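Please see the structure below; I have some questions.
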Amino acid sequence: MHQMDGTADTPELTQLYADFEAESLAPLWTQRDDLMPMSPSPKAVPYVWRWKALYDIARRSGDLVPVGRGGERRAMGLANPGLPGTAYATPTLWCAIQYLGGHETAPEHRHSQNAFRFVVEGEGVWTVVNGDPVAMRRGDLLLTPGWNYHGHHNDTDQPMAWIDGLDVPFSHYADVGFFEFGSERVTDEASPDVSRSERLWAHPGLRPLSGLQDQTSSPLAAYRWEHTDRALTEQLKLEDEGHPATVEQGHAAVRYTNPTTGGDVMPTIRCEFHRLRAGAETATRHEVGSAVWQVFEGEGTVVLGGTEHRVETGDLFAVPSWVPWSLHADTQFDLFRFTDGPIIDRLHFTRTYLPGRRNEDLA
Amino acid sequence: MHQMDGTADTPELTQLYADFEAESLAPLWTQRDDLMPMSPSPKAVPYVWRWKALYDIARRSGDLVPVGRGGERRAMGLANPGLPGTAYATPTLWCAIQYLGGHETAPEHRHSQNAFRFVVEGEGVWTVVNGDPVAMRRGDLLLTPGWNYHGHHNDTDQPMAWIDGLDVPFSHYADVGFFEFGSERVTDEASPDVSRSERLWAHPGLRPLSGLQDQTSSPLAAYRWEHTDRALTEQLKLEDEGHPATVEQGHAAVRYTNPTTGGDVMPTIRCEFHRLRAGAETATRHEVGSAVWQVFEGEGTVVLGGTEHRVETGDLFAVPSWVPWSLHADTQFDLFRFTDGPIIDRLHFTRTYLPGRRNEDLA
Amino acid sequence: MHQMDGTADTPELTQLYADFEAESLAPLWTQRDDLMPMSPSPKAVPYVWRWKALYDIARRSGDLVPVGRGGERRAMGLANPGLPGTAYATPTLWCAIQYLGGHETAPEHRHSQNAFRFVVEGEGVWTVVNGDPVAMRRGDLLLTPGWNYHGHHNDTDQPMAWIDGLDVPFSHYADVGFFEFGSERVTDEASPDVSRSERLWAHPGLRPLSGLQDQTSSPLAAYRWEHTDRALTEQLKLEDEGHPATVEQGHAAVRYTNPTTGGDVMPTIRCEFHRLRAGAETATRHEVGSAVWQVFEGEGTVVLGGTEHRVETGDLFAVPSWVPWSLHADTQFDLFRFTDGPIIDRLHFTRTYLPGRRNEDLA
Amino acid sequence: MHQMDGTADTPELTQLYADFEAESLAPLWTQRDDLMPMSPSPKAVPYVWRWKALYDIARRSGDLVPVGRGGERRAMGLANPGLPGTAYATPTLWCAIQYLGGHETAPEHRHSQNAFRFVVEGEGVWTVVNGDPVAMRRGDLLLTPGWNYHGHHNDTDQPMAWIDGLDVPFSHYADVGFFEFGSERVTDEASPDVSRSERLWAHPGLRPLSGLQDQTSSPLAAYRWEHTDRALTEQLKLEDEGHPATVEQGHAAVRYTNPTTGGDVMPTIRCEFHRLRAGAETATRHEVGSAVWQVFEGEGTVVLGGTEHRVETGDLFAVPSWVPWSLHADTQFDLFRFTDGPIIDRLHFTRTYLPGRRNEDLA
């Protein structure tokens, strides 16, 4: 008789496995350990993309490929080498560098996929979200949650580049996406410093009485660098003064939230900003779910699955699920990160493990 | 035989009603229409208190009654004339003017009752909440949610007065309150401009990673006037520009929220700030639940149950449940209000009625 | 100068306190310890009502007072001796014995107040809830949540009595109640064994696809004795077999729930059923919030605030907030209880203390 | 210059696209319409598996392949022809026929993946969930939520087959799975009719006081056919009597729920049972998210993406996202279905479209 290891060593077994295939069936026992590993074994790999190389390709694309209807965006996706044939940074997350030349416009459209932009350098582009023009400046996080019309236009004669983050891989995988084309030009070409959404919503702890209905995604279209920077600065000062404020010694961090719920900005994407003091080091963490980080400023090293990488402003790296990561700061070290945390949390798969620390029950 | 109207007109009935009392029973049928009216029929009455009179009594109390352990606070409660024998502004809400002379200290204590302070004039006092000194300035809302130690100290040689709002009547009614004395002096006599709580939490849309646990009450101890004022100013400008932002024409308003949930600042008390343009008028509203308002700046009239009252800076008025109210602004008219809305909402008794408007189903 | 104890010992103070009253103000410092006690100090008292006495008065009321429009119900409310001038069992809870003679009808009406009936003996009455006739039998819990039309009719020639529980005191206190008269006769005089609501909802763990919207109150109008009895029986058997199932040794209990949420049956009232084995004894508990119990079957003692009372079938007792209670069973001892737990929980005032046990943090 | 269609028609463009690949990047514009289609365009196809063929292969596997540690289960997964190289019924859902010979044991293990079993015929196996033996009988739904130890043993000398449903594809995709081996034998070989979990939880509307903490997954391990059948029978009778109870004319349905929340039984899997009267026909529906159905009893047709399939007892079919489906019943037609609905709902991608009907806003 045959052991439960999948080897087809008799004519009957050979026939059985052939019939499996003919009937669109497959045995569990030959693939159980691949399908259900002892701990997450992602195909995606930890990987670092260099901003200089990305920006160079973006600039050349700007010269060679016009932006327009159909392709919609001049966006170049980080393609995780462990996920060949895709342009996915991780199984769930899309991350691209988007480039818009002087006075170019990326046409309006809307889609179920949730999206944000984060700006590591430059300014001069307005993203217009449901008719509300939102300035994009260094250090800002800009949201375009699912099914909001949006386009971008560059109001200057200089190019600008930034990163886009979306749940495109998840949406493609789970077959949840809808798409509609909108206006060829943005629907409002004004270039105000502050969006209407901020004027309504960016007041700490205050909610307009005209907006008491909770919203699936944040109604705040822009999270400005001046607020993020101030929040992180204060956390480190509080730590200096002996008060609890930071994640761990020398490591300040904020999560961007939906002011109508206090939860994540969008149902599938979590956004955070981390700051390490010069010389600080994080614990090593294993986390369920995947992440993409971008260095915003400073220099340091990231250790991904045991391998150390030096990274500097603009560099991006992907951390697949359960791959241990830690950071070390040579200078003050500022990093933006986004993850699929809301997916993991809402479906109750959250687990974190810190080797050498006391860990809560891991189930 | 006896009709169901409670008149005891036979010896048997007389005996029956006597036996009711002897057995600690009472018939429903003689009191049903009082107990269960067709619509809310509060005993509390609409009432206006004048700031000048309050302040005068507060000042005299400051001269005659020292603040100290036992009495705890030099606070004078608004006593609704419809609720004799109490110092309740409405059945659920306590509102008092509190007065602290130069260099006086109100000792620390904590209690289950939720409390806030709102400042209509003056400055120079710090309220110390769980060891965090919080400056009190004109237009600020300061929170001391249930079971947080708090005391106040006046860092100047000038007196200061403000209003306290608490759920003392509800807590007393429902027998839910605990109380503990704390330090005679405040536990931190520093006088920083900004509290530690604000340094951690008062960044729009940002949440510290060290504070991801949701909290019953807002972790933000102070809502500063500059933010409130800016939010209201922007709503009216947006209205001018043709965008939806206000409650109704000329009427801007914000609700103070708990940034960990987007909901009310405390489980029993809702706080809001309203601004009317000069000349604006609100709709008339009936609302389940009671409220206390204070004019912060400007002049106008409030119509309470059909009676018009002129009110000006500092004046307070109580609006019992279902009493129709409306406001008319002579100048720009700024008002703070607090209500028992979270109690009403969480227990699903919410109803609003606007005479002459389309109303949603009233059940 | 005057100490903060309220004694008016100078002409200035006498004048000050007179002016307080004239201005509808009251000092906090003279009443702070009454208003804000160290722990809940209810005016309501622990009290036992005897079923025999209640039933006798109910029967005599049935002879002398017809049921009908206006008075609406032949219901006799438990009047807590600590709350004189009311017919309140506790500050928040109404409990009455209701009596309906053979072939009598209590007319239909609806109100915001939430109500239930619990049957300690007898049968033959149908309560008709929004047109759905619901049989009332011994041991059953029947719900009429706020704003559902309901009437009762006795389909037999024998009288029937049961208890009603409502949030009438809370609704009256907080001014939240609306009331409407309905049909003089019940709108469906059928007398089915099982209501339509049960046919849709009383299937364990199953929810009709036509009822996927969550509901404020349970859509299940009847919780039948056979289910309650079986659940309690199984808990005690599981305990016998060595498995965790009971609250404490020999003490089984169930909470009645809203199947659309798993939470309490109504937003203001919690209903439970407790069973003690003969000889069993509960721990002594202090709980925030008030309760009314009815002995359903068996004999035992209840200790309320240190005083022991023997109780038997039908006897009712009120337990005000924080009054310590414990039960001792002489025979198998079955008790129904209802509380204002949802009010206490939703407003975050919950606390429990078990003297001599380890208690979780009491804040 | 190059149009945004991806054709590399100059040396510069050819070099650019080569450099994309070298830098682990990929352009969005050449793949945007595949990645972000106008509506969901699943690779999975609608497909029907025949029970007779499945059972025949299962029986032969029973003869040839022993069940045991490593392979763990003699389970044969439905392999959607649109997802080659996998054994996935849909992108998110695993469905397998599992076969256990007389007196065989499938060893205990636990995993993060959520699982259930549904029994279309036979009996005699007990699934032991965290030490609680749960009988498996025709029509029953049995749960083994994530991280619960479970094994199966056949207490008879006859084989038994059933279907397993899991979120294995989702867990593999999102890299969230953990796995641990347990006992080689089941930890309790008893064969009670009713599990302990049912004895605690299968009482309609009742919750043990020892189980007041809400649970991520249902604590009820078995949903028995007698309850499901009765619920469906009553819905159709109520429809006959003129009362709202069914999804649409002649179509009764229940959702299996977690009694602690009223929501889905597990965080990733929704389970339902549908019954059509003979002659009834459903509307055609497009739904976001994928499903697997099994005919439990009766005969009829299912139309999947416009193609009609006759199906009978035991037959299974997969419905990928947004593929229109409808059912027509020749006899009374009973079907079990499970879907990834909780994933879709919790991440806010839910949409339904009924051609020819009024549809709510589709965004």
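As written, the chain order gives the labels A, B, C and D, with residue 1 at the start of each chain.
Definition applied: a residue touches a chain if its C-beta (ideal position, glycine included) is under 8 Å from a C-beta of that chain, and two chains touch if they have at least 3 such contacts.
Being a predicted model, the structure only gives us computed values, none of them experimental.
Set against one another, C-D and B-C show the most C-beta pairs in contact at B-C.
Averaged C-alpha coordinates give centres for chain C and chain D that are 42 Å from one another. Remark: chain B and chain C have CA centroids separated by 30 Å (rounded to whole angstrom). Counting partners per residue, chain B has no residue that reaches two or more other chains. Judged by the touch criterion defined above, the protein chains form a single closed ring in which each chain touches exactly two others.
Chains that are in contact with each other form these pairs: A-B, A-D, B-C, C-D. Listed in rising order, the residues of chain D touching chain A in the complex are 1-6, 10, 12-13, 16, 19-20, 23-33, 35-42, 44, 47, 49, 53-54, 57, 60-61, 64-81, 86-87, 91-92, 96, 111-113, 146-147, 168, 170-180, 216-217, 267-268, 288-290, 320-322, 340, 342-344, 346-349, 351, 362-363.
Taken in their complex, chain B has these residues touching chain A: 196, 199-210, 212, 214, 218, 220, 223, 227-228, 230-231, 234-235, 237-238, 243-247, 253-262, 265, 272.
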